[in-house]
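First the structure, then my questions, so here it is.
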Amino acid sequence: MTIRVTFWSYFAELAGCSETGVELPEGATVGALLQRVYVDHPALAGLRRSTLVAVGVEYQDDTHVLSPGDRVSLFPPVQGG
Amino acid sequence: MTIRVTFWSYFAELAGCSETGVELPEGATVGALLQRVYVDHPALAGLRRSTLVAVGVEYQDDTHVLSPGDRVSLFPPVQGG
Amino acid sequence: MNRSLLITTDPIDEAKLIAGRSLSAGMGAVVAFSGVVREREGDGAIAALDYTCFVPMAEHQFHRLFDRLAGRGTVESVRLVHRIGRVAVGEASLWVEVVSAHRAEAFEACQWLIDEMKRVVPIWKQAVPVTPTDPPAPAGSVPATAPSDPHPPA
Amino acid sequence: MNRSLLITTDPIDEAKLIAGRSLSAGMGAVVAFSGVVREREGDGAIAALDYTCFVPMAEHQFHRLFDRLAGRGTVESVRLVHRIGRVAVGEASLWVEVVSAHRAEAFEACQWLIDEMKRVVPIWKQAVPVTPTDPPAPAGSVPATAPSDPHPPA
């Protein structure tokens, strides 16, 4: 399955793009997706501890199992206000 | 000296007047004034522990020494807001 | 620290107060509080609250509190309006605004000021029952419905 | 619980918001917060902040927070406006209002909501220097003056 990944805020600069597609086997987790993203976009790997991950509009952690059609967002700590 | 005493809020009801004059020797304290007030207005005596006393526009306690011309205010706990 | 104090029998005009706000470019937080008269006071339905104030002392005590706020060095502006006289249910009796650089200190200062006001500023309130069985109590009488309630001086 | 949420590029019109307030007769406390862009962000003087937002998720996360406020049963109304896009120094980026019966719960709920927003709602800001040595950075470039600052997605 292809998972569409969007980078928000300065993650788009570090990734060199604001969006990408990642090919993963069915049943892959968020953690597996991140491993693939960090291979393709190594500038993001160092920020892994502070990276927030959403699937759709909900936060998810590394154990979350992805489904075909899921849209994943990666972004740094939020700064509203 | 004559000390003018004003009763605020429901203390005026309990005292039966909103203002009175109390004759005291020079050097008398707030405590001495209160003793005299409670003789003349016994309905206030039971509220002594919650009574607030101001001389002019400042709070004072029983040990404060009064001066001729002082204006004393007695009132219950305040309720602004 | 800029300070503004108004003790007034007029309704509080929040829109006008907000239009009159000014803050310097270093300020990031404005906290405003409106205290509104509720329909119930204790156990009974009320139509209004009658606020009484020992005005010269209230002004002095408010300014003492403002002095203490100024001493913190973190508040750029405080504005406070307390309405006195009769304030109907749904109308504001109090409006307080604090301007600071940062949010936490603005919230803290605004709450501190109200807490301290309720401790030291000589203002009292008396409930006006919503359906009085008797005509409004004349000054000098204890209200029949709430003998222990505060009452303005005669 | 009444709730109103607006994420907008338009300036926040506080006077209009206040004119639109409604509270029931049991409510006694209104706490309003305005967050204003300050002239300094970190070490540098700025002209504005550029706010970026992942809008559908921000709306969802705000409503989750509103749900939690509603679950308390003490808040009658919450209204929140977050401005996005470019917000100049001295202009408000955030306005929050909470209406409750009592003061303490209104203050607490307003602060809680802002704290939680800053934890979970996907909004980011980027400083706009007051005297840029370069023209505004095009989307896709890292700003030269603040390489570690957040930047809107291309």
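Observations on the model:
The letters A, B, C and D name the chains in turn, as written, and every chain counts its residues from 1.
By our rule, contacts are C-beta pairs under 8 Å (C-beta built on N, C-alpha and C of every residue); 3 or more make two chains touch, one makes a residue touch a chain.
Keep in mind the model is a prediction, meaning the values are calculated, not measured.
Under the touch definition stated at the top, chain B and chain C share no contacting partner at all. The centroid of the Cα atoms in chain A and the matching centroid in chain D are 25 Å apart. With centres taken as mean Cα positions, chain B sits 72 Å from chain A. Computed from the mean C-alpha positions, the centre of chain C lies at a distance of 28 Å from the centre of chain D.
Separating the centre of chain B from that of chain D, both taken as means of CA atoms, is a distance of 51 Å.
Each of residues 35, 103, 114 in chain C touches at least two other chains. Within chain A, contacts with two or more other chains are made by residues 81. Remark: the chains found to touch one another pair up as A-D, B-C, C-D. Residues 35, 51-54, 56-61, 82, 93-94, 114, 117-126, 140-142, 148-154 of chain D touch chain A in their complex.
Interface of chain A with chain D (complex): residues 6-13, 17-18, 52, 54, 56-59, 73, 75-76, 78-81.
In the complex of the two chains, the chain D residues touching chain C come out as 14-15, 18-19, 23, 25-40, 89-90, 101, 103, 106-107, 110-111, 114.
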